[in-house]
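Have a look at the structure below, then the notes.
Chain nomenclature is as follows: A, B and C, assigned in order of appearance, with residue numbering initiated at 1 for each chain independently.
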Amino acid sequence: MRRHIHLRWLALAAALALAGGATAADYPTAEVNTTGLAVTDDAVTVGILHSVTGTMAISESGSVEAEKLAIKQINDMGGVLGRKIEIIQEDGASDWPTFAEKARKLLVNDKVAAVMGCWTSASRKAVLPVFEKENGMLYYPTFYEGLEQSKNVIYTGQEATQQILAGLDWVAKEKGAKTFYLIGSDYIWPRTSNKIARKHIENVLGGKVVGEEYYPLGHTNFGSLINKIKLKKPDVIYSIVVGGSNVSWYKQLKAAGITSDKWTLLTISVTEDELLGIGGENAEGFYAAMKYFQSLDNENNKKFVAAFKEMWGDDSVIGDVTQAAYLGPWLWKLAVEKAGSFDIDKIAVASNGIEFTGAPEGYVRIHDSNHHLWSKTRIGRIKKDGQFDVIYESDLVEPNPFPEGYQ
Amino acid sequence: MITLTRRLVGSRSDLAALLVLAAVLLVVMPLTLDIFRLNLVGKYLTYAFVAVGLVLCWGYGGILSLGQGIFFGLGGYCMAMFLKLEASDPVTTAIQSTPGIPDFMDWNQLTELPWFWVPFESFAFTLFAILAVPTLFAFLIGVAMFKRRVTGVYFAIITQSVAAILTILIIGQQGLTGGVNGITDLRTLLGWDIRSDGAKYLLYFLNAALLLACIVAGRYILSGKVGKLLLALKDKEDRVRFSGYDVSNFKIFVFCVAALFSAIGGAMFTLQVGFMSPSFVGIVPSIEMVIFAAVGGRVSLIGAVYGTLLVNYGKTAFSESFPELWLFLMGALFIGVVMAFPDGLAGLIRSERLRRVFGRPPLAAVTRTGALAARDPAPPAASASADAALPHAPTGTDR
Amino acid sequence: MFEGYTASEIGAIFAMQGFAGLSLFCVFLLMALGLAIIFGQMQVINMAHGEFLTIGAYSTYLMSVVAEKHAPWLMDYYFFLAIALGFVVAFAIGWLVEFSLIRFLYKRPLDTLLATWGLSLIMQQGFRSMFGAREVSPTLPEWLLGSWQLSDTIEIPINGLLVVGVTAVLTLAVFFLLFRSRWGLKVRATTQNRVMAEAAGINTARVDRNTFALGCGIAGVAGAVFTTIASTGPTSGSLYIVDTFLVVVFGGAASLFGTIASAFSIAQAQSILEFFINGSMAKVITLAIVIGILMLRPEGLFASRVRK
């Protein structure tokens, strides 16, 4: 029945009947909410906690849009256990203590039943103790460095090994790559990811890392680095540059003659969102390893993209994280329905093994024990218009946030 | 004894202002706010330590530092290191490849505790470090700068750059410092759960009491010789120098005191918020803290506390009601304060109409030194003297 | 690190590294030129300088959108119009800011810091409301994008050449304006002795307004040029602010020669260090050296010898 979730958007009333006609009367508030969450007879409140101001607003606004879309669609279908979802949105303002403060407000004051939110690792690390202490449930959308697992978080993005290993395997096989130059912005995600990449290159692929470098966040001049790359002539430039630096990095690569006709560049930090700022023409022909691209050719995704554009305008683009953010409310809904309760403890357990076939990225399943998602890794080639040609798709990859031999 | 009391609390109206503040912090807030909001106020009050320090070194000493976040951060990091070590006992970190060291070190392949972390296993050393490390750092910066007569804008820009360097270093050395995520997931202090409501209440009161103590200490410093000299050198630095004083020593002293206050604030921040991150060391928080002091009135120790509370309350309230617009309102607040109320909240209190209500102005301590007459009809007395900080000022007439 | 390379390869790397240093120097100089005028000549600490850069960047973006939609034949050349537009818009906004804000604060230089910080918050949020929180990318003409193949191994980025060219023209123009024009004479007279300048019949208020607006306009040009090498977003400008102030202060606030010398030395130090060690540490070491030298020479490299 759940396999055709998207069909229900079309025939609302019929779908309601199909879904078992879950009305609030079937689930008395006193039974489904034993811990005093903001659940009434006809409504349930969830929180959205992203930065809409400050430097991270660039990245996080897409997630907010996706979450609001998912919640609207769920409400159109009749809500969760017959209750409409109401939203309290808070601004993390790109500032980690603010995230912690707002998270506490959402959990303690507003008693929200779940929070969709956070983007950077730093913001997640700041709110994690709050969620564990106040026993909340966070749906975290970003691909991230792993090394974390919590009863109170569902990680809807990929952890590092999922994203990295399949991409490196592909580039080694298809391009015969032997030498790699690893580049990243200087913080935990790029450093941890490059560490995993280096182990995989050296121990599994038998390749060689000829350079590994980090630049401060916001760095805008890569002239010297580009010269070093030209000196070392790596088979693959492996790039995890993020934020505003990204734009400078690709524009300067192109200007220095490092283009896809002579060089291979593989990145795990450029989605359609970033390409808006970089400009497709500046990164054309380079490769990205992600679990989702807007151009994915399947029914779920076509409907999702159409609905997204209808709600947020034809100019919108949808990147990997935006899609992962869209999964949050749906996975929460499925967990609540499976548990027959809004209680955090029950959802935390019920989430294990949940399957969601309506995902734009295709079938996903929450792991049986670690709260991460099984997902496919895909390779996209950047096109001039800022979209990707999807040229490779892996099998479902098991999430492994604490990878043995890669630490 | 009488003189000491007088130096500590000032005149009767100073005492009244201090008592009002104490009543607000220790009675009104805890009675009217729930623990969540009270914890927020506690967090704001940790910034007030920095603002009070800035009143000393900027408002009185004329030294504008755009790097007070450095000291707030150092104090906070010292406390966080101790708490992190306590939270990383071998039992809870058993899944790590090296149990017993902080989790982020394990992720960065460290197999033993770095040498400079080791002393932080002792609480006594930590308390000492919280006070000593930032003060020593301030002393070094102070000696290097003030002995070379770096002042005004130059000093502001240099402290700002030091803050930038420190941020990049902390983020870059993530195996040693926790990197951009900072030191998170702090739980207990000597076995006492700092995340519980009871602990939060207690920490709030401790925080408020320490803040009041800092204000009293600030009063004491200002009412003595140092205070007089600071005001004098802010107005005419050269004359003070020609009178035979080594001006730089006084500046170094007051800069160190400001750093010390900031460090206490930082340590209390870590305790109440439960983590520390490099984003407090950087430029943005440092400038914001200057603005807290400016809103409060840059020559009023007590005003600084109200200024901090007001701006942060505004920030929280605006951002909860108008998440997409609050930056407009904050920007307008800063501009408004600078343009319309250069002496901040304290300046408002000092205005004629309010004076009739409140009796003598709470800034009598300043008036007594004679350098800054509160009754002076020309409003921006404080700002006129800030001219001493023009870029050409370091040369002075003696070159 | 050079073993196993031929002499010509090493020569090529040195040539390209030299150019990288040169273009970084020009980037620093472009950033700092407007601020050097505002801060050096007027002692106004404009924390919103980065946002004036952003104005130039968004002007370029708007221009590219307009050109793409309405005048595709212009696409190859619109960039020069965009530079002019960046200047005009930033100049106009700078003029307004001076008129409504800065002129009340000349006696309180440190207060300009606070007020312009507030201004920068407002401007950032303004960009966000107008253009959205995401970064945008102006479509650049094809000829600006690639590299110029000098020999088999030496490739020179065209956008780097553009930065160098614009910097040279702009610097010369500023020098001409300040030191060879009547208006420049008024500016310098006002800086040196306001009262005397007024007595000599100079309308100092107008001079101030135009000087500030000019500084902002130059920032606008810099912002427009930076779209070729960096990002365009609401907070892009704030990335530059620390470096910019350091360049101006290091050079000696009131000296344009000083600004040039300081941009050159900081850029070379950073570019060379980046080549031999890694990026983060290069930045730390460069900043530390600059601060060290500033302690020895508090007035910067080229202090103007003014008797006050």
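Before moving on, here are some points about what is shown:
Keep in mind that, in the parts below, a contact is a pair of C-beta atoms (placed from the backbone, for glycine too) under 8 Å apart; a residue touches a chain by one contact, two chains touch by 3 or more.
Bear in mind that the values here come from a model prediction, so they are computed numbers and not experimental data.
Taking each chain's centre as the mean of its C-alpha atoms, the one that lies farthest from the centre of subunit B is A. Across A-B and B-C, it is B-C that has more C-beta pairs touching.
Rounded to whole angstrom, the centroid-to-centroid distance between subunit A and subunit C, based on C-alpha atoms, equals 37 Å. Subunit A and subunit B have Cα centroids lying 38 Å from one another. Separating the CA-averaged centres of subunit B and subunit C is a span of 33 Å. The set of subunit C residues that touch two or more partner chains comprises 125, 280, 283. Those residues of subunit A in touch with two or more other chains are numbered 52-53, 186, 214, 216.
For subunit B, residues touching at least two other chains, in rising order: 168, 171-172, 324, 327. In the complex of the two chains, the subunit B residues touching subunit A come out as 36, 39-40, 43, 95, 97, 103-104, 106-109, 168, 171-172, 174, 179-182, 184-187, 195, 273-275, 277, 279-280, 316, 319-320, 323-324, 326-327.
Against subunit A, the residues of subunit C that register as touching in their complex are 1, 5, 9, 13, 16-17, 19-21, 23-24, 27, 125, 128, 132-140, 145-147, 149, 155, 157-160, 228-236, 238-240, 270-272, 274-275, 278-280, 282-283. Across the complex, subunit C is touched by residues 64, 144-145, 148-150, 152-154, 156-158, 160-162, 164-165, 168-169, 171-172, 283, 287, 290-291, 294, 324-325, 327-328, 330-335, 337-339, 342, 380, 383-384, 386-387, 389-392, 394-397 of subunit B.
Of all residues in subunit A, only 52-53, 89-91, 93, 95-98, 100-101, 104-105, 108-109, 121-122, 125-126, 128-129, 133, 147, 186-188, 191-192, 214, 216-217, 402, 407 touch subunit B in the complex they form. Only residues 39-40, 43, 45, 47, 101, 104-105, 107-111, 113-115, 117-122, 124-126, 129, 242, 245-246, 249, 253-254, 280-281, 283-284, 287-288, 290-291, 294-296, 298-299, 303, 306, 308 of subunit C touch subunit B when the two sit together in their complex.
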